[in-house]
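Common to both upcoming complexes is chain A, partnered first by chain B, then by chain C.
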Partner chain A sequence: MKLDNIYQEEKKSNFAKVSEIIITMASRPSGFIGLSILIFHVILAFISPYIAPYDFKAINPTLMLQAPSAEYWFGTDDLGRDVFTRTILGGRTALTITFFGSLIALLWGGLLGIFCGLVGGKTDDIVMRIVDAFLSIPWILAMLLIVSLLGTSTEVLIPALGFFYGKGIVRVARAATHDVIAKDFIVSARARGHSNFSIIWFEIIPNVRDAILVEGAMRWSWMLLGFSSLSFLGFGVSPPTPDWGLMISNARGLMSFAYWSVIAPIVGLSSLIIGINLTADAFAKALGIDRSTKAPV
Partner chain B sequence: MTEIIQKVKNLSIGFKSKKGEEILILRNISTNIKKGETVGIVGESGSGKSTLALAMMGYVKHGLYTIGGECEFNSSNLLKMKNRDLEKIRGRKIAMIPQNAGQALTPNLKIGYQIDEALQLHSDLKEEEREKKISELLNKVRLPSPETIALRYPHELSGGQQQRVAVAMALAGTPDLLLLDEPTTGLDVTTQAHVLELLNFIAKDTGTSMVYVSHDLGAIAQVSDRIIVMYSGEIVLEGPSRDILKKPIHPYTYGLLKSIPKLSLAGLPQSMPGSQPQPGTMYRGCSFFDRCDFSEEKCKNNSPKLEYLEDLNTSVRCFNYKSLVNDSQVNQTVNKIKTSLQDKEILSLSEVSISYAKQKLLDQVLNRISDDNPTVKDININIKKGETIALVGESGSGKSTILKSIAGLLRTKGGIIKFDQNRNLSSDLKERDPNDLRIIQLIFQNPDESLNPNHTVEEIIAQPLKLYFGLKSDELKKNIIDLLQKVRLGEFYMSRYPRQLSGGEKQRVAVARAFAAKPDIILCDEVTSALDVSVQAAVLNLLQQLKEDFGTTYIFVSHDLAVVRAISDRVAVLYQGRLCEVGPSKDVYQFPSHPYTEVLLGAVLEPDPDIKPKLVAEDIVEEKPPQKGCSFQGRCSRILGDICKSEVPPWQITNSGNSIRCHIPLKELQKDQIN
Partner chain C sequence: MLFLIIKRILLGLITLFIVSLITFVGTEILPGDACTTYLERQAFGEQLEACYRRLGLNVPAYERYVSWAANAIQGDFGYSLSGEMPIKEVLGPRIKNSLVLASAAIFIGIPIALILGIVTALWRDKLPDVAISTVTIFAMTIPEFISATLLILIIAIWLEWLPGIVIVPTDVSFLELLPNIILPVIAIAMIMTAHMARMVRSSVIQVMASEYVQMAILKGVPYWKMVFKHVLPNALLPAINVVALTIAWLLGGVVVTEVVFNYPGLGRLVIESISNRDLPTVQALAIILASIYVSINLLADLMTLMLNPRLKTLQIRK
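Right, the complex of A and B next:
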């Protein structure tokens, strides 16, 4: 048959699929910018300890609040520490904690959402009401409570953030599942007698994976902002570890005469968030989930 | 010579592929629409028929662009006009009736308001005049009591009524040209016949030219004066409707007409091999070459030109049309179906009733279903091994509901489903053991939905094999290849995804998956209605072949009486979830019939301008089955009186073993119906 010639698209390896998606993402200007910023931050987080020009905790009263110069690129803070050093190191903790936090959020939020979407009925009702109840609690208050009870160690922060940011994913995953389970291939799998587990694993996850991943990427940037807020309030990273939220909090009183010490961490934090957002957007477009790119008719 | 109102000249429309190639959807189309004429454009999905119709109102879908040519209306090229100028033409001069009126009407505005809006835009009438015009329009499309309809919302109307409203809205601007894009495709058979009849009336009454786009030759035959047959973005045949349907001189049309099942012929029609080439794959030669029975060496490399034959007033795109000119009466031959009926009963339904009613709390607690007027009631059918039984009826007749309960997807309210005379099957999946699940398999209407888009063909067919037989690695692969060969697909399909297959191929994969379980019974839910006509026959033939090989029993649900006639041994006619008539298919298709069967048979559209549908009853849609009496009392034209409204009719058995549930004595019924 003639058709054979054009449909040469064979089953691709996962690596080939991922690289194709990344290439599609980078082919859009916004995606390229987002990816570049994100990759820049990730690389910086890895190499910053080795390239930092000064010791981040070296206090030097004689160098207090120096304006940017050739020696101290971003100036110094109120304790005479180098702002450049602290800025390039300041994203490490935030990036690590929120990355793992998002993974946990994706995992529990995604799986619970899919399960609820599939079984429906009373189980679904009860679980969703509990999720709604949690959604109504201001997360920052709950986080403060958890942190003050259990401390600010990474082992507490990652699951706590993961829990609070996963609630929203439950809803998204459930909605995506509802779209899929109405399809006949799910009915067919049910009629054959497959278990719920195998229906979720083989039939549903491949079809909702993309939507959940995009949602997870968005949550990552929100979580970053949330984590920095915690630091800002003094409940995230403990000093003297450099952290953007903490740095902004320390330097905010000095903004009128030493703006550099607050601008550098703000630029660091906001550029990372913008980078992640743009990447998530481009990711959605590359997967074809974003409807705004589709034809109106 | 009559005035030409739309002139399409050398029109080509296409899109740029990812690789930057120009891919043509329409290739060099030229045709004229004359005043007062109804032109039918017929073709399979992907033949470019809708794109052509849209171009006729100056619209090119997003992503597509005009490559060359023009659509001339009132001596101006619509495709080059500015939107502002087009607004003055669309609605006023050219109007469109969409396929799904339910989606085309705004759900939160009243019907009257929406028609008023159209009138404001497309006419210069004053407010009082508009009000009068609204009732006039609704009257014209034969909607009962226009005043009340105007105050309703779209969801309060039935599909047929919605379509009528869409027609009324299109007529609001008194257009010169009406474009209809599959206007009856989603409707029930009887409604479809009524809407077509209305369109015919309007064409005559207003003198509007119509362009009727459809895949259904039966519908086209009823309305068109002239037919354009499209294939792969080209016009392959164009001429007077009667000549094209009676003496098609293009091999594609010839094959198409042969592959449509007809009411008058029992047995399976011949199928056309292959499928339409995808856009962008044809580089040279005739696009129909690989499916053609008349093809020669030169067809492979040279594209035939559209040739106008003056004596026949027909244009044809074929080198060998001459061999069809002399002898092209469509002599349909059918492959008689072999019945492999055994005496053993394989499935019996007794007193089955199913309810969709929402359960009260008390009933939920007691885990029972209470509903004195369930959706489906009194279903008694015994199905023999190796039989093909068809459940027919319009939407809402409960045919798919019954299928779901047999599959264990929907709990019944009462009654017993028995397998193999002695094993009770629960209607709840969880209470069935794996073997009970294996023996009954389903094939769905739309293969796009029934195959997981993220699985390869191999993974799809492997599922039942792994689940029921625990096959692994080599043995699994061998079985998959075996099954693919049985459904006439090659081994190389294993690594493909459903999106890389054509509609017919997808449905074959779905068939292979059903047969992988080695089932005794296969439930077919409208399996051919989403397929193109030329592919439909092939799938039916395949199902029949597989049945002969494996001795499977089919329960076949369809709204298409001609398809049912072709494949089934026995037919059960359902109305509002109650059985009306059950019998061997040759007898159901003969009189005497239940009045409802008579309505259904009368409404079947055949691709023959001489066979007009008989409209016996009104196409009202009933929401709920009646509490008492005969289920068909609301629409029956032969209603006797109070007895039909109070007593459930008895089963009457004809000489040939056909059971009819009606109060009218059989002899009278037969006498009335034959006249």
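Right, the complex of A and C next:
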């Protein structure tokens, strides 16, 4: 009974911690703006299929390149499709793919980094050389190659993005582990004869979690940027799917007389990326981690 | 000191060796080889055999790697598949064009970034800082293809001041190229400047908070003398690494901007060679871009070492 109480108290305090962090994030103007934009986009991504006024793939030659009107709020594109419908649906794919991509990046990058930091020695040297080598190949070249040879399905995109954005996390996790590893409680855990696994799980992860989470949040916005660049170049999701990068690249050629079909997806994508960025920044500040001196890798 | 430099160079070479292995193995294990993609439907029997023999694909992979690597070190990357041209000749003008673009962006970007970074740091949390920081956040986070598209829409289409896309042959003289590159340079310099300005800002703020600067203030050193003599030399040192990373990014990573503006540089070659499944060119590009990245980082590390006496002794003690 008593143990049960302790357990519940801990649960509660965890929940309190999370809500405290969110309140701290929202108390700064930039954090508040970022969180609101992000929440708006996430809600929109969930409800957009139900509120979209038209069919996103309904081609109508009689309605080509209509200017914005009461009927078609953002006008229509070169195939007569409603731009408003396609814009509010356009974030769904990008958000889903990059969210799961970031999770994968966080998992493999974080765990490998912690492992290398803890073990050190030859293993660490070899792994870090390989990570360095991957870092020096432009990610876009490698991504394009994979996508052009294996296709652009979600099953290819998520792990590929997760892999290429995770290698930067390896370095961060390793550095964070190095900071922790010299502390007394690790030494005493070793003296107690704990295994590497138990040290990682109970001693290191609770201490490096914040740094890795912040890095992951930042990677999410970079990955979104990378993913939309891929779609823009024609290597992302395939055409009938509404996607902002794809919409911008299609509408770009016609923007001298139909600028509305390019403005709407631009506003959608820019606001989401800025929203995630501001949120990640506020998250870092709320946890007391200074990212400002880090170079963008 | 000498030992450190040699160690750094060796590490860079090892990294490049691994890069060459990764690109070779990577293009090898992915489904479809140069011949099957090149011949498409006719990829069987006699023709396939002939193609394999012509490209030397009939020998074991490790032998091919050795001969490829040996040639690549001498600057010979073989022939591109689509153009039947030596890759060396394809790359030459592209590298030149990318260099022009990158140096123009650096030339404009670095001074502006320094000024913006220092101004925002010295007037921290005041109006100039808030205004400039907001703009830099926008410039930094918005994807390149969006800022480039907006630039074309506003400056080339609505105001009609400059040509929107670059329509020049690959090997054009510098003066003819100049009016065409203004918009791409602005697009690239914007992102680059924003990154560097933020870096300089936080670095200056850190130094301003340090004890020796506090001491100088207490001693009554005039404000601007203190800024220029004590703060800036120390604050700008870590910025070298960021500048290096930015230059490396400029030379290889501006794929999207080059595509938007139709600029014939290395970035567009990446897209072209991948669309054409021109694997020999892709391999050459990967190894060249990686060498640029590694050598620029190496240079930056060495420069930081040379310029910072403290770091020198620290490293040797280790």
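A few remarks follow.
By definition in this document, the second predicted complex is superposed on the first by the 277 of 297 C-alpha atoms of A that agree within 3 Å, B and C clash if a C-alpha of one lies under 4 Å from a C-alpha of the other, contacts with A are read in each partner's own complex, and residues count from 1 in each chain.
Keep this in mind: a contact is a pair of C-beta atoms (placed from the backbone, for glycine too) under 8 Å apart; a residue touches a chain by one contact, two chains touch by 3 or more.
Here the structure is a predicted model, which is why all the values come from computation and not from measurement.
Look at A:Gly121: by the touch rule set out above, it reaches neither chain B nor chain C.
By the touch criterion defined above, A:Arg190 reaches chain B but does not reach chain C. Of the two partner chains placed around the shared chain by superposition, chain C is the only one that A:Ile137 touches, whereas chain B remains out of contact.
In the superposition on chain A, contact is made by A:Asn207 with chain B only, not with chain C. Between chain B and chain C, it is C that contacts the larger number of residues in chain A. Taken together, the two structures place residues 295-297 of chain A in contact with chain B in one case and with chain C in the other.
Residues 11, 14-16, 18-19, 22-23, 26-27, 30-32, 137-138, 141-146, 149-150, 152-153, 157, 195, 198-199, 201-203, 206, 238, 241-242, 245, 252-253, 255-256, 259-260, 270-271, 274-275, 277, 282, 285-286, 289-290, 293-294 of chain C are the ones touching chain A in the complex. Of all the residues in chain A, the ones that touch chain B in their complex are 1-7, 9-11, 183-185, 187-194, 202-203, 206-207, 295-297. Interface residues of chain A, counted against chain C in their complex, comprise 129-130, 132-138, 140-142, 144-146, 148-150, 221, 225, 228-229, 232-233, 245, 248-249, 252, 255-256, 259, 262, 266, 269-270, 273-274, 277-278, 290, 292-293, 295-297. Those residues of chain B that touch chain A in the complex are listed here as 61-63, 274-275, 277-278, 280-281, 290, 407-409, 429, 432, 434, 437-438, 440-442, 444-446, 449-456, 463-464, 467-468, 492, 495-496, 500, 502, 513, 517.
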